[in-house]
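Chains: A, B, C and D, in written order; residue numbering restarts at 1 for each.
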Amino acid sequence: MAREINVGIVGTRFMGRAHSHAFIDVAHFFDLPLVPVRRAACGRDVAQLEAFAQQFGWQTTETSWERLVARDDIELVDICTSNASHMPIAVAAARAGKHILCEKPIAMNAEEARRMLDAAREAGVSHMVAFNYRRVPALVLARELIEQGKLGRIVHFDAVYYQDWLVDPSFPMVWRHDIREAGSGAHGDMHAHLVDLARFLVGEIAAVSGVQEVFIRERPRADGQGMGTVTADDATYFLARFEGGAIGSFLATRLATGRKNYLRLEIFGSEGSLVFNLERLNELEFYSRRDPGPEQGFRTILATDSAHPYVKAWWPAGHIIGWEHTFVHEVRDLLVAIAHREPVHADFYDGLRCQQVLDAVCVSASEGRWVDVPAGD
Amino acid sequence: MAREINVGIVGTRFMGRAHSHAFIDVAHFFDLPLVPVRRAACGRDVAQLEAFAQQFGWQTTETSWERLVARDDIELVDICTSNASHMPIAVAAARAGKHILCEKPIAMNAEEARRMLDAAREAGVSHMVAFNYRRVPALVLARELIEQGKLGRIVHFDAVYYQDWLVDPSFPMVWRHDIREAGSGAHGDMHAHLVDLARFLVGEIAAVSGVQEVFIRERPRADGQGMGTVTADDATYFLARFEGGAIGSFLATRLATGRKNYLRLEIFGSEGSLVFNLERLNELEFYSRRDPGPEQGFRTILATDSAHPYVKAWWPAGHIIGWEHTFVHEVRDLLVAIAHREPVHADFYDGLRCQQVLDAVCVSASEGRWVDVPAGD
Amino acid sequence: MAREINVGIVGTRFMGRAHSHAFIDVAHFFDLPLVPVRRAACGRDVAQLEAFAQQFGWQTTETSWERLVARDDIELVDICTSNASHMPIAVAAARAGKHILCEKPIAMNAEEARRMLDAAREAGVSHMVAFNYRRVPALVLARELIEQGKLGRIVHFDAVYYQDWLVDPSFPMVWRHDIREAGSGAHGDMHAHLVDLARFLVGEIAAVSGVQEVFIRERPRADGQGMGTVTADDATYFLARFEGGAIGSFLATRLATGRKNYLRLEIFGSEGSLVFNLERLNELEFYSRRDPGPEQGFRTILATDSAHPYVKAWWPAGHIIGWEHTFVHEVRDLLVAIAHREPVHADFYDGLRCQQVLDAVCVSASEGRWVDVPAGD
Amino acid sequence: MAREINVGIVGTRFMGRAHSHAFIDVAHFFDLPLVPVRRAACGRDVAQLEAFAQQFGWQTTETSWERLVARDDIELVDICTSNASHMPIAVAAARAGKHILCEKPIAMNAEEARRMLDAAREAGVSHMVAFNYRRVPALVLARELIEQGKLGRIVHFDAVYYQDWLVDPSFPMVWRHDIREAGSGAHGDMHAHLVDLARFLVGEIAAVSGVQEVFIRERPRADGQGMGTVTADDATYFLARFEGGAIGSFLATRLATGRKNYLRLEIFGSEGSLVFNLERLNELEFYSRRDPGPEQGFRTILATDSAHPYVKAWWPAGHIIGWEHTFVHEVRDLLVAIAHREPVHADFYDGLRCQQVLDAVCVSASEGRWVDVPAGD
């Protein structure tokens, strides 16, 4: 009989819902050494908190994260709040000896990320940043192909993350528009994913040169009280040099009309290439120069076979999975790591490294020049 | 507070798993008038049954469907067994006053389906056939567009269901290869979906002309005891005339190398057209002759906006759902129908009509001529 | 210095234009043993004939095909007229000792086709039916892959030819709507291509079962004198059994709203599969079960490399060719065959075999049963 | 009867072939006020020159461009040589009163381009830079949609030009690898097209920030004499700010394994978006926020209808054209402009403006900072 682990979640909105689903489904589809118990949910809005807890079966509630973190019965703290509160919650949780799952981007800046990493290491707890796209089966396959040398030497990593939910000027201000709450806009939210995937698939980024823009500078306040000033970027674009020699491009925008959640990677190597698009997340396109000449072409691999990562737990080939499944896989790997006292990626060090790149882009954009990313530990 | 309804499931394999998932997730994502309780699971293999019940949280078990159906605490019987047992279980469940959800195809032939329909109507219970593709958001959108007249008069319905899991001659015999257990092969399993979608989207089929083939006539027995004779069709193709005047084609095969679960619809009308592919089930392609001339083209609608059917319950636009979600939607609609004593489609009448078409194809294939489908009630 | 060959063309409309282009371009891009001279053009409408001859550089004109065929200076007769006149022109040309290129379908029926074949064989002239899609580089590649055994045993050949130019009921009557001029409608025009490609790629068809329909039975006469009655089919669908055991489907319609010239092939074998679409004629999709398991997928081969058939004569890889190039390739092969007194496909025998299948489909459609195709010579 | 114009072409390789084809076909498919005569071809390699002239029907030859330019019978000089000779030939041609068609990029740098523009203006001759992608029907349609306001305010122009012909390290040195002959590598060859299309579709570029890289620094010399040093960039990436406020990205590389001639544009505006890919040049993807909500999607317009630009001259809808047709359209527009003494784009001013952007990118890449593009005239 598997042991149980009590989870406390902080944050009851989009990510709170996605993580709750993962904790619900994971034990039904994966054989776990540690079964999660949805022990406590924490939020500031009592009515919403109660509704959330009931909807997703969280046994108890707290309206203060300090109290949640302090509770003896909580063993894993899952941080799904807005970015500004990641650091204090994570540091407190670490000091209280809790394992930590933290939404991305890890923090408001690299300094905060460093404090989180130090606290987690000092406490000896498991720590994970919720870069859930590392658990898309097609992207795990991409990494395997790269590790097997099927791309040869990688020369380009070109990534876009296109969304369009801000294209309507009447879309109201939310916390994500306020740089004090969000740290940044499209950049922190979307480039965090792209930078993490770049590191996951290709390696460390050495230098960056970027540009940031707010196209719609005023939006109606959600409370109906006139207009608010948007301070978070609608779009950030940057170029990058990788330590391994590759050159890359990173484009993130929330004004890409018609694209909803279009995260596309194009990776070119001396022996082969890969293309991926999150709106078709079950598919990976792969080109190999080692195929016979006249037969070469980008092949669309439907990464739903039992031979593909994570997939055996679900359905037969061709029965596609959805976006939410990536969280189930993530939680599964975290629980295994906690049970076996093993490292798990992406950890807070990955979060820190990602944040250092994001920070360097902001400096670059404000100074109009290339900026080096600090060397890793 | 929502009332509860006790569910008893019969069958613990592929469909048992998919339905279990649906009963688990539905209450977390939809506001229900009737909350399902996973009360009892039934299977013949005790070890597998116990494992299944534990994995998916079924509270009790039975090894005889007769006992399950007879239990006072069961209100809804979910039939996920092989096709040969659908009729006896459903008839017994109806007579015991249970609501019924039954996997497709409804039965071994139209006569059985008729008995099931009669029993359910006589008992006054809710009855549903698990044609889950009626709950793909993109296909519900397809039906809405058709109902709004956006396709005009429909002239063609061309459907394929391509899979390739039987292309390897060493793939062993399973119950699906035995016509006594399965009723038919690709035809019953895959054409049941296509015929149901044809009826859902376009209307009744008047006449059919088909051909059936077993390409690999012997397969290794699963028990290792030599070869078994395949009696169920590897592929069935048929043409159809619809009552409304359209002409259609239906191709189902399990030897379409490279296609895993490729159910494609192409529907052409005098004003517009639709294309759908289950391997990209979040997308619907729509062409409208009413668009300005030089701008006409097939548009790929990513049916993941909150305006699209069922989607609001899940995630923001562009965060795609998977195959399994269709069962959640199906169960949601069934529970609402039971609670409000309303009809729900696809019901046993739909199952019967579908079966009549399937039966007519078999007659046509064996006699080499067109065969009329019986008129509806 | 290459010898010259004098060409006489009959027919000045769509196909006359396409063939003229081919005769113009072929010597600029291919090294030919026999250079075509555009010697004489023939048409009934003098004004149009003169304009055509001037536009495409035909040196002389004739208003009677009998005179053209009789001219001593004409060595190759190119028949681009409506279907009803193919047979008399071809037979006369053969008797006059001319080589013949004839548009498809070869004739009004198999009896006519047989007379043409007999006449050409007796005269010992070169004879070709203009099944130009045999000269799409991607389809020549398809045939090469099949001949190399890369598909294994072929089990399915599923073809559609979708156009939509008749979907508008106000589109006027043309000769293609009149069964006396055209022999048939969508069937002869479009299925001729599909059946020829089936034979080119997979082999002979043994039996067929089809259905034909006129959806729009009256159209405005082109002369403005009221409505005319459409006698040629808007759509014909049929199923087929191949001599080699495969089962296939053939769908041709001119009412497929949104599809302009959408000829799609899907060919499934025990080892691999191919997909082709004429609207993207530079591409061939190929799936191989011999690829490593997790890397299998349909690869899109851009058949524009110098290693691909015919392509070296044109542009570097990725610089796509158009529909018209297929005629250039066809004419090139015909000229080589004439120069070297070698056979060339598709010849009149291929035209006859194709016509026998088309005829069998018409019988099948009118009698509602499967019909065998006559055995080949 | 249309007047004739005598053309002299300089350069007998790739572009010489493509332009020759255009001069051959244009009069057969377009009604011209001025019919081109292939009067003289010029090249340095006599054997190749003679073969070229014979293959494409050039009436006479010259081995010195100075002599060609000086000939009284030449009215239009077509410059298809390597980049370093564009300026001297064009200036001499202008001074000799010849109209000029010049391949792209216009010159080695903006200063040369300015001299060419000045000379052409002073001479009062027609001048055109062969940015042939302005004559892709789908891209002309793109411009029309933008001019009609269907994209609203454009916020992003993201362009890539991916090729892979240099990925093999054994591919030998050609003039394009030598910065003295080519001016630059991928940048000048490929970004010239992207920058011109950006100006054609969106407007002037205000500032740029780029990076350039030679990945394979030594290649075998074509003469077999050891290795040569590559000085021209394999890849150049840059970001841009447009005068109109948009932010853009431009990626050009010859090491994008699997991409042959993959020029992709993604243009996002406040009301709609466009996507284009040169490997499928008959297609334009268009998204409109003005479509009814649940029906919005990227529609694939097959730009082959008679309503689409240039297409009426060719074939019926769905019969796709090839890459070479863009040159036919270009030559057609030039001949019309010369005949009617009207301006024609892209002219040498467009060539200059493009070159100014290319030059600014090179400065930016070498200095690691953003660089402003000079203001236009």
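Operating definition for what follows: a contact is a pair of C-beta atoms (placed from the backbone, for glycine too) under 8 Å apart; a residue touches a chain by one contact, two chains touch by 3 or more.
Since this is a predicted model, take the numbers as computed values, not measurements.
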Chain D and chain C - chains in contact with each: A, B
From chain C, the most remote chain by mean C-alpha position: A
Euclidean distance of C-alpha centroids - chain A vs chain B, Å: 36
For chain B paired with chain D, centre-to-centre distance based on mean C-alpha positions, whole Å: 54
Distance from the mean Cα position of chain D to that of chain A, given in whole angstrom: 41
Of all residues in chain C, the ones touching two or more other chains: 259, 287, 296-298, 302, 305
Contact footprint of chain D on chain B as seen in their complex: 141, 144-145, 284-288, 291, 293-303, 305, 307-308
Residues of chain C that touch chain D when the two form their complex: 14, 18, 20-21, 24-25, 28-29, 55-57, 163, 165, 259-262, 278-282, 302, 304-305, 314-325
In the complex, chain A residues that touch chain D: 155-156, 158, 160, 162, 164, 167, 209-211, 213, 215, 235, 237-239, 241, 245, 247, 249, 251, 253, 255-259, 266, 268-273, 287, 289, 296-298, 368-370
